[in-house]
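The chains carry the letters A, B, C and D, assigned in the order they are written, with residues numbered from 1 in each.
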Amino acid sequence: MFTPGLYHILFISTALFFIGVFGFLTRKNLITILMSVELILNSVNLNFIAFNKYLWPDKLDGLFFTIFIIAIAAAEAAVAIAIIINLYRSHHSIDVDNAEEMKY
Amino acid sequence: MNLTLLILVPLITAIALLLMRNKQQVKWLALTGATVQLVLAFVLLFTYRNEVASGNAEQFLFQQQYDWFPSWYISFHLGVDGISVAMILLTAFVVIAGVLVSWNIDRMPKEFYFLLILLSFGAYGFFLSLDLFILFFFLEIAVIPKYLLIGIWGSGKKEYAANKLALMLMGGSALVLVGLLGLYFSNPERTFDLVKLSHLDIPVYIQKICFPLLFVGFGVFTALFPFHTWVPDGHSSAPTAGSMFLAGISMKLGGYGCLRVAAYVIPEGAKEYADIIIVLSTIAILYGAFATMMQKDLKYMNAYSSVSHVGFVLFGIGMLTKTAITGAVIQMVSHGLMTALFFAVIGMIYERTHTREVNEMGGLLKVMPFITTVLFIVGLCSLGLPGLSGFVAEVTVFMGAWEHPDFFHRFATILACMSIVVTAVYILRAISRTAMGPIKESYSNLTDARWNEKLAAIILIAGIIAIGVAPFWLNNLISPGAEIIMQKFSVAP
Amino acid sequence: MNEFLTLMKPELQITIIIFLLLFIKLSKGIKNDLLLLIIQNLLLLNFIAGFFFNAPGNLFDGMYQTNTLIAFQKSILNLGIYLISLLFTGWFRKTEHLPEFFILMLSALLGLDFLISSGNFLIFFLSLELATIPIAAMANFDLEKKISSEAAMKMILSSAFSSGILLFGISLIYGATGTINFEALPAQLDGSTLQILSFVFLITAFAFKLSIVPFHLWTADVYEGSPIAATSFLSVISKGAMAFVFISVLYRVFQPMHQVWYNMVMLLSIITMIIGNLFALRQQNIKRFLAFSSIAQVGFILVGITANSPEGISSVVYFILIYTVSNLTAFGVAAAISSQTGKEKIEDYKGLYQTNPLLSWVMALALFSLAGIPPTAGFFGKLFLLTAGASNANYGFILIAALNMIVSLYYYLRVIRSIFMDKNEQPIEKINIHPSTKFAFIICSAGIVLIGMLSWIYDYIQSLNP
Amino acid sequence: MLNATTIALIPLLPLAGFLVLGLFGRKYFKNSSGIIATILLLAATILAIYTAYGYFFEYGKVNGVYEKFIPLKYTWLQFSEGVSIDMGIMLDPITCMMLVVITFVSLMVHIYSLTYMKGEERFATYYSFLGLFTFSMLALVISSNVFQIYIFWELVGVSSFLLIGFYYDKPSAVAACKKAFIVTRFADLGFLIGILILSFYSGTLDFSALIQRLTTPGSAELSAALSSSFMGISALTWAMVLVFIGAAGKSAMFPLQIWLPDAMEGPTPVSALIHAATMVVAGVFLVARLFPVFALSAPDALRLVAYVGAISALLAAIIACTQTDIKRVLAFSTISQIGYMMFALGVSKYGGEGGLGYTASMFHLFTHAMFKALLFLGAGSVIHFIHSNEMKDMGGLRKYLPVTHITFLIACLAIAGIPPFAGFFSKEEILSAAYQNNMIIYWIALFTSGLTAFYMFRLYFGIFWNKAPSLKERAGGEAHAHGEGGFAMMLPLILLATGAAAAGFIPFGNFVSSDGKGSESAFHLQFSIAPVLFGLTGIFIAMWLYKKENNKPDIIAASMNGLYKSAWNKFYFDEMYLFVTKKILFNLVAKPAAWIDKNVVDGLVNATGNTTMFISKKIKGIQSGKVQQYAAYFLVAAIAVAVLFIYWWK
């Protein structure tokens, strides 16, 4: 039976991180962008769990951190979606390219 | 003599000016403040002389020291030697004349006088301070009022000029700041105190770094070539009193700083760079003079001639002999009085003819004998006529410069001497085109100077003649200070 | 329990105020004016109370730390909040959801307070988010303005992205050292590649909040779009608090890697000053202008931070204090003008002095202080930052900083020029300033003049250094 | 004993006049200013004569030698140990002689001007300027310090400037005063540098110490000054040459003579005082003052003095023959005569028989002051009468101006060197000094003396004889109502004529000599034949050509076309100077300097600002407004910093 080691998990989490980043940078829909952020956060969660399990199994710092990140992510998403709704009201679109009035 | 008084009087005057409501009384208040300051300056002069005569051999007299930012080892340290006393006298003269000249200013007089007095506050503080931090503090205080004076009350390309002036001067003070910090961190006591610093051994490599920073930094204020270009634009755009203060006081801040801070505290650095200073200042002297020849605007002329004249200050400092340094200080005083007067006269003429182009004037002697007489006197002073202050200063610088027997210094001195001819050319050109020749029809009913203008001119002329006819008192005042500075240069030239 | 109450006093005070506001919000029918008066007085009390019963100590196994310096830093933030409540009276009175705005702002402040006191990456992260998310909501408070929601969107997305990277960095640190505790961390640091990488990721979070170039790009847009009260909170309170945290993290936690972060901070500082100044040169909108100028100011703060000495800390704290009053004054004047006339462009200020001399002087004072012109306090603040930074004898760096002061002077003078020199056919009419704003202007002006002159303030800060 | 106060009062009285009239004259002494100034000067004259008398006959001589007598010395400006500018009084024979000459001529001019300048708007100013000049000139001659002389040197320069430009609304006067000042200023530059060199080597600025140190053979100062050299010429010689340049400028010697003819734009009495009798001989005085140093330590420099003097004498005389403006003729004649004085000094030796040139030079200075002042004042009367300077407007005036005519004739005879008038004696001494030392100069001088007689009598005949006066068309009848100008104008003429006629009989050599010992002037009858013959020839030619109106002069002028034309154009010196100043200095130095300042130096400053703005514009694209781009920059920057610090910057 193949038991995944730390590096496997780190590989996945890093991949997840960059997928998230890529999504953040390329998607035009604000909701999708928000989802990309969630991906990034989840990759971090994976990191924490993996480090905790493989490297520092006697401490629970990583696990707790993960829990808090999930909570915060929820809060952040709530506010973000509120803002997006507001943006939709004023711009009638949730395309990120429509909101670039301020520049230079 | 309580030196704090000299700082407090302008400060209180400035604050009182701000709080004043009645626009008519503003000028009287400013005049009162300036007069009190002039009286104080004279009291300082006499008490200083008495003190020295009674055998007080300390370098700086009337020292006062208050703690200020003790965690940085900064203290509010005041004290004067002969050089500072001379500069303070100069400032007092120029300030009172400046206040008088701008008597009839109609646009925002309160703010105008406030800025004038604030500027003088900076200058007084600068000349009195013995702590480099507060010296720098006062130096910067004196910059922004100039910007506002030019920008608000100026003429011509005033905004451009004001910006250029403020930025170049601030650039200079930025260099000064870095140099000061270099000194501060390289001395084991971590002190900004001038007296202490001058007795500490600062590592030579630090001196070589800090000297150019400080000298160029202060040099920008003193129109060191090639950092002089704020001078023509700044002076010519400024209102009359602004130009007077700028050339009469502000440029002297730099000269004093070059001498007191750069040369005095950093002797090794000064020795290292003396030749470069001489080259640059010789260029400034001649080049300024030649550039003046081409100017048609009286204010531009005087501004360029200031570049040339102030070149003598740096030239004298670069020579590093007691006589030359004394000459440099005399030149500062002399040029301060003279150029302030020159700008005052130009202002008076401009107010009447509404032009500063020499080619458009002529024959003004007929309608304004007083003003043109003053113009003659100040012009003759500028070209170094004996009996007026310019001669004393230039001759002292030349004599001091000539103490170096080598070819380089000789050559530079001869070149510098040549400027007296060029100066004669442009001064006479200016005088003859404005005052002499047939008068224009449209000018034939202009009026002569009013009482305030007369008083201002007379005060400055009194100073010029007092130095020109009896230079010994000024020389005796300054040369001990110059001597102490020279003691730092252990190797005689 | 007693210890809990004394050590966590600042946070508890704020929490109490937040709850009070929530209750007030429940009971409808209170007019904005009265409400504002209550809030202002509460905040004043909060500020004053900040000076009493301060003691050093730890809570929760060192997750929460405090000492007198930290208490003083919090007092600076409290002062800032109080001034904000006074300065933007004009805008507050008009806004529909006044209690919410203050609840959000105070939550952010609470976050910042915790942030300063954090002794652990967990609480650091939590408080950072607490200090960020409400601001995004605040940014959206001008509901009728399109740019307000745009600003909020940019804020929340950028901060989410930034916290993603921060978390990634923290996770790497955790992986590399096995601890997230500030006390335990220094012993584990050896400057390995992984640690440097994670450290850089960590720094980006600070850089984001402090608007250090090139992590600053959200700043200007958010500042411009947000209501001016939110902008000033962002640019003054949040930035100040972040600087405090940054300096304590660098000095305490990453002291073993100080050679690395010294160079890094220096590099960032130079870029920040230069880019901030270059952008500020061309700005037309006063808020955007102040945004870029505050970016350049951060460059100077970084100069002080490079000192790596007690002087560094005290000069940064001192500067933040000065920066708080100066920048808030500038925002206050801008707000007073824009809330009455809606004008926010610098060129609209032409001839302001003709109609509003006092307001002009206040603005001039603030700008001079920001530019570092004596006798305003900004001069001393900047000078001490540079002096502290110069203790490393890196004079080239100091020279760059000093030369940048000239560029910054140029654009501050641009505003001065508009106000005092330029002629305008139709200058801004006489602005009616609310008495409480006036009061704030007086406090600020006095602060701008006196904080520098009264040298004991600096000495007091210096003495707080543990 | 002579006391310092008495002597100091001599210059101070005119100074008081200057101050009082200058400050209050316009208001309070509009009409009385002339009288006030004259009275003050009369007092000064009396004091001067008293002083001179006291010096020459009572106190001056110590053991048969006229010693330098220094009753006052006050340190005015201390430079360094031993080197200071002192204000002092030093009496020696030439000083005393100069005191008398200056006060006397000045008094004459003051009196003369009472009428001549009457009705001028700036009457008081005129007298105050005269006072300033007299003060400066007197203080110059009593100077005890080489810098003191420089100071008053400049002051006489400026008073000359002010007086030349007295008619300030006349553009030609304005140009002339500028020119005079700038040319002499240029020369003063040499003087100044010369002083600097002298002070450096001698370690003093005091005349007596300086002369003593630099003439004592083997003294440390002298050997240092001789041993250091530049371009193969010793420092001392350089110094003396430079000092001489200053002297040449003030005395309008070749090639710096260009300012003097133009200076005739000033009021005629002023020309008489400043540009004939006193200021222009200051150069001679300076060389005489430093004569021991010239003669004993820098003979090369002295030789230069001689040749410059001789060339000036000849050139100016040639030019004078062609000029038609009577004041200009006199101006060139002045240059020529000063040339005589200069080369007399130049050929002289120090002490004994060889020192004849020195005595002769001073003697000629003395007599020249008399007759040249007389000539100018006479010309002034003519101009006052006829309202023109041009010879072509004159003629036959002897009937209208009898006193002027006679006195003018006396002066002409004196300058032509016809015995027994004053000029004869002094010129004879000069020629004999030249004869003893340098034959080339002797022949030049002899020829010049013939020319002198010719042009002076050309002038004389042209004014007083020649064609009949055409007064009516000139200025209308009423202009001549004032005739010769009354007593105030005639008295100076008569007094000066007396001097011009009789001054030659003073045994000058007894009083003034190079070493102060005094010498008997030997009078050789045979020697005088040649100069007198040359003089008479000149007179007769002039009589033949100009006594009656005829066209002979034109024919001769036409036959010598090239020479005449170039002489008439003053040998194109003005043009050369104009070329150098306008074309070279102005266009090639000043213009580029101003251009560089505006475009290069200032351009750099502006370019710094513009570049900053340019970069600022260029980089604005970074702030694109797209939040995703912000994030991209964020990430790239984070990785870049990480890479930078992981791999390169440890």
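Points worth noting:
Here is the rule we go by: a residue touches a chain if its C-beta (ideal position, glycine included) is under 8 Å from a C-beta of that chain, and two chains touch if they have at least 3 such contacts.
A quick map from chain label to UniProt name: A = NADH-quinone oxidoreductase subunit K; B = NADH-quinone oxidoreductase subunit M; C = NADH-quinone oxidoreductase subunit N; D = NADH-quinone oxidoreductase subunit L.
Because the structure is a prediction, the values reported are computed rather than measured.
Counted as hops between touching chains, the shortest connection from chain A to chain B is 2. Across A-C and A-D, it is A-C that has more C-beta pairs touching. For the pair chain A and chain C, the distance between C-alpha centroids works out to 27 Å.
Chain A and chain D have CA centres that are 97 Å apart. Centre-to-centre separation of chain B and chain D, using mean CA positions: 36 Å.
Chain B and chain C have CA centres that are 42 Å apart. Residue positions of chain B with contacts to 2 or more other chains are 167. Shared interface positions of chain C, defined as residues touching 2 or more other chains, are 153-154, 157, 161, 165, 220-221, 282, 410.
Multi-chain contact residues of chain D (touching two or more other chains) are listed as 609, 620, 623, 625, 627, 631, 635. Of all possible chain pairs, the ones that touch are A-C, A-D, B-C, B-D, C-D. For chain D in complex with chain C, the residues that touch the partner chain are 609, 612-613, 615-617, 619-620, 622-623, 625, 627, 629-631, 633-635, 637-638, 641-642, 644-646, 649-650.
Partner chain B is touched in their complex by these residues of chain D: 26, 75-80, 83, 85, 147, 150-152, 154-155, 158, 161, 165, 168-169, 171, 174-175, 177-178, 181-182, 185-186, 188-189, 192-193, 196-197, 199-200, 228, 586, 589-591, 593-594, 596-597, 601-602, 604-605, 609. Those residues of chain C whose C-beta lies close enough to touch chain D in the complex are 153-154, 157-158, 161-162, 165, 193, 196-197, 200-201, 203-204, 208, 214-215, 217-218, 220-221, 260, 263-264, 267-268, 275, 278-279, 281-282, 407, 410.
Those residues of chain D that touch chain A in the complex are listed here as 620-621, 623-628, 631-632, 635.
Residues of chain B that touch chain C in their complex: 67-72, 74, 133, 136-138, 140-141, 143-144, 147-148, 151-152, 158-159, 162-163, 166-167, 170-171, 174-175, 177-178, 181-182, 184-186, 209, 213.
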